[in-house]
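Chain IDs A, B, C and D follow the sequence of writing; residue 1 opens each chain.
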C-alpha cells in the first residue's frame, strides 16, 4: 500500500501546484516578480523570515507530541529542526544585502501577513495535537518544491539583477532540500501505517500548500498598495534602490 | 482614545461584512441556503460542531496565558468559556433533529473542513501566545454578528421548513450573545490600553471573520459535490429527508 | 464501588495528615508559629501568594486537556478556576496588612521555595497530561483541609495577635471551601469510573499533600535562617514589627 | 564573572553531593545496592526508564520556549535531545538482560514513583516557562555526575555479578557524558549573562539533584517493601533470579 499511497500523495501535490500556477493571481505574482521591482521580492522575504523563525520550533514539537512514540520519527523531527534552526537569518541576510537596514529585526521587521500567521498557527497546532504524522504533509511538498520553482527563481534573479548573496535562503534550501526530500520520503514510508495516516498527511499538504499560495497573493496585494502609494506596513521597502536606478547609472 | 478605537473597530468589521456579503460566493451560499435543500445547512452545522467544541477550550487558555495578568480579563475568559461549554451539543442536537443518526459523534461526525481547521488552529495560537487581548477580536464580531444574520436565518428556517428545535444553536446564541456583546465591549475598553492592543484586536477580528466566510464557501463547495454526486466526506447528508419530499406528501 | 473508593480516599488522606502532624518538623513548625514571631507566618504567606497565583490557571487547564471530554467536569474546572482567580491578592493583602511594602509584588515578592516550585510544576503537569481526573486529588484534600487546620489557625492568630484582616486568605478559603468540598465530592463520584481513576486521584492527593508539608518545612528553614541572621531571600521580613515590640509599647 | 560563576556552581553541586552522600538513607542505599540482591537495582532501572523517556522531550521543549531566541542554545538543546532520544530503551534492555519479561513496556512497566513524577513535571515546567537557561542546571550536574558514581557503579556491578550488558544505560552515559559535560560548560558560559541567569541555573541544579536523591530513597523504600513482603507495584521484581541462586550452582 505504502508506495501506492506515496505516488498518490505526489499526484495530489502535483495537481495542486498545477492548479495554483494556473490561477490569475499566480500569473500576476510571476509577472510582478519578473519585473524589475525588487520590492515584491523583499516583501516576500519578510514573510519567509516570519515563518522560517517558527519552522524548527514547530518541527521540534512533533518530537514532543505525546502521541509520537516512534524513535526514528522523533530523531527525524529533531534532526530537521536542528538543520533549520536560524534559517530566518538567511532571509534577513538577503534583505540586508539588498540594502535594507534593521537594527533590531525582532521589532523592526514588517508584520506577518494573515496567511503567514495562519500557516504558523496551523503548523504549531498539528505539531502538538492529533496524529503526529500530519506535519510530514508540509515537509513533503516543501522539500520537493524546488522542482517547481527553481527555474522561476533563476529568472527572477536575472530580471531583478539579484546576485546569489541576495538569494541565500532559496539557494541554500534548494541544496539542503534535495537531501531532505529523500529523508521525508523514507520517514513517510516508515511512519504511515494506515489509510488514515496517509489521509492526514495529504490533508496537511493541501492546506499548507494553499496557504503558501495565499501568502504569495497577500505579498502581491501589499506590493500593489505600495505601487498605489496607499497606507502600508511595508513602507520600508520604498527605501530599496530600484533596479532601474542601477540601470540608469550604466 | 478608547471609544474612538472601538468605533473604528466596529467600522472595520462592518465594512468587512459588507465586503463578504457582496462576494459572488456569499450570494451563492445564500441562494443555496435559501433553497429547500437542508443538506447545505446540515453540512454547515457539522462545521459549527467542530469549532464550537474548541471555543470554550481556547477561550479558557487565554486566562492561562502567562502574559494575561489582568484579573478582570481572566474572569471574563473563564466566565465565557464556562457559558460556551458543551455548545457543540446544540449543533449535534440540531443535526439529530433533522433526522441524522450519530452513535458516537466523536468518530462519526464528518471532518472539519480546511478553513474550520485553520480557525481552530488560529484561535488556539492567539490564545496561548502573544498579546492576550487578541482573542477579543474574534469574540467582538462573533457576539455582534446576529445583527447581520438574524433576518437571513429567519428566512432560511422558513424556506427549509426548519422549526426552532432544529436551529437551537443559532437561536440560543442570538439570545446569549446580546448579553455577551455588552461584556465584550466592556472588557475591550478595559484591557486595550495601547494602539498596538487595538491593532492586535482588529487583526484577529479580520482574520477570523474572513475564515468564517471561507467556512461558508467550503460548505457550499461540499454541498455542490453532493449535488454532482462526487466522492465526499459528507455522504451521510444524503440520508436527510428533503423538504420537497415532505411537500410531496402534502 | 464509588462510595467505597471515596471512603478509601478519605482514609488515605486522614492517615497522611496524621503522619504529617506527627513529624518532628511539623511540631517544630507549630511551635514556631505558635510563638509570637510573625515572620514565619509572613514567609508562609509569600508561598501562598506564589501557588495561589497558579491555582486557577492550572485548574482551568484541566478543562482544556484534550482527554477531558466530560461537560460536567469541564464546567466544574472552569467554575472553580473562576472562583479562585485573584486569590493571590488575598495573601498579598495579608502581607501588606502586617506592614510589608510591595510596590510591584510581581518582582518584589520573595521567591517560591523549591517545594512550592515543585507543587506548581506538578499541578501544571497533571492538568495538561494524562488522566484529567488526577487534579481532583489535590482539590479533594485541599478543600477539606480546614477540618485539620482551623483550630490551629485560630491559635496562631491569637498568639501572633493577628486580626482577621491579616488572615483573609485563610478565613475566606475556609468559608468558600465548605461549599467546594461538597462540589469536589460530587464531581469525583461523577468522573471516577475505574479503579485506575481512583488510584490516579489518590496518587496526586498524596503527592500534593506531601509537597504542602515540604513547603511548611522549607518555610521553617527559611525562618530559622532569619533567626540565625544568615543570608536569605526573605530579609524583607525583618522589617515586620514584632508582636513583642507592640507589647513593649503597652 | 562567568568563570567565577561556573566555579561557584561546581562548588554548590559538589557540596550538595557531599551532603547527599552523608545521609543515612544514602548509606542505606549503598549498602542495599552493595548487597547481592538485584531487585533494588532493577527497581532503580524502572525509574530511569521513566525519566529517560521524557528527557529528550523536555530538552527539545527548551528550544521551542519563545523566550529562547539564542540560535546556539537552540542548537545545543536539539542536538542533546537528539542524542538522548530512545535512551529509555537502554534501561529496558538492562532490565530484560536480567531476565525480566515485558511484552508491552509502555503498559507493563511498574509506575514512576512520586519523586520521579516530580522530576519529570519539574523539567517540563522549566523547559516551557521562564528563563530558558534554567534547564542547564540539570544538564550540568547530570553530565558531570559520573565522577561521583563511577567507582560506586563498578562495585555494584561486581557485587551483583552484573555484566556490562546489564549496565548499558550507565556505561553508555558515562562515555557520552564526558563529551556532553564539555558542551554544557561551553553553552553555560555562552548563555548565562546575568547574575539572575546563574542563580536560575543553580536553583534548578539543586532541585533536580535533590529529587534524584529522593528517587534513590523511594527506590530503597520500595525494595524494603518487597523484602517485608508488603503490597507493592514492583512484585514483578521477585521473578528475578537472585545472585545467591547463581552462586548456589557453582
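Rule of thumb we're sticking to: a residue touches a chain if its C-beta (ideal position, glycine included) is under 8 Å from a C-beta of that chain, and two chains touch if they have at least 3 such contacts.
What you see is a predicted model; the values in this text were computed from it and never measured.
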(request) With over half of the numbers shared counting as same, classify the chain B/chain C interface as same or different. (result) same
(request) For the pairs A-D and A-B, output the one whose chains share more C-beta pairs in contact. (result) A-D
(request) Farthest from chain D by Cα centre, which chain is it? Let me know. (result) B
(request) Please work out the Cα centroid separation of chain A and chain C, and write it as a whole number of Å. (result) 49
(request) Please report how many Å separate the Cα centroid of chain A from that of chain D, as a whole number. (result) 40
(message) Averaging over Cα atoms per chain, report the distance between chain A and chain B in Å.
(response) 30
(message) Where in chain B do residues touch two or more of the other chains?
(response) none
(request) For this assembly, give the contact graph shape among line, ring, star, complete and other. (result) ring
(request) Kindly provide every pair of chains that touch. (result) A-B, A-D, B-C, C-D
(message) Which residues of chain B touch chain A once you look at their complex with the stated criterion?
(response) 114, 117-118, 120-122, 124-126, 203, 206-207, 210-211
(request) Please give the residue numbers of chain B that touch chain C in the complex, ascending. (result) 56-58, 60-61, 63-64, 69, 71, 74-75, 78-79, 81-82, 85-86, 89, 106
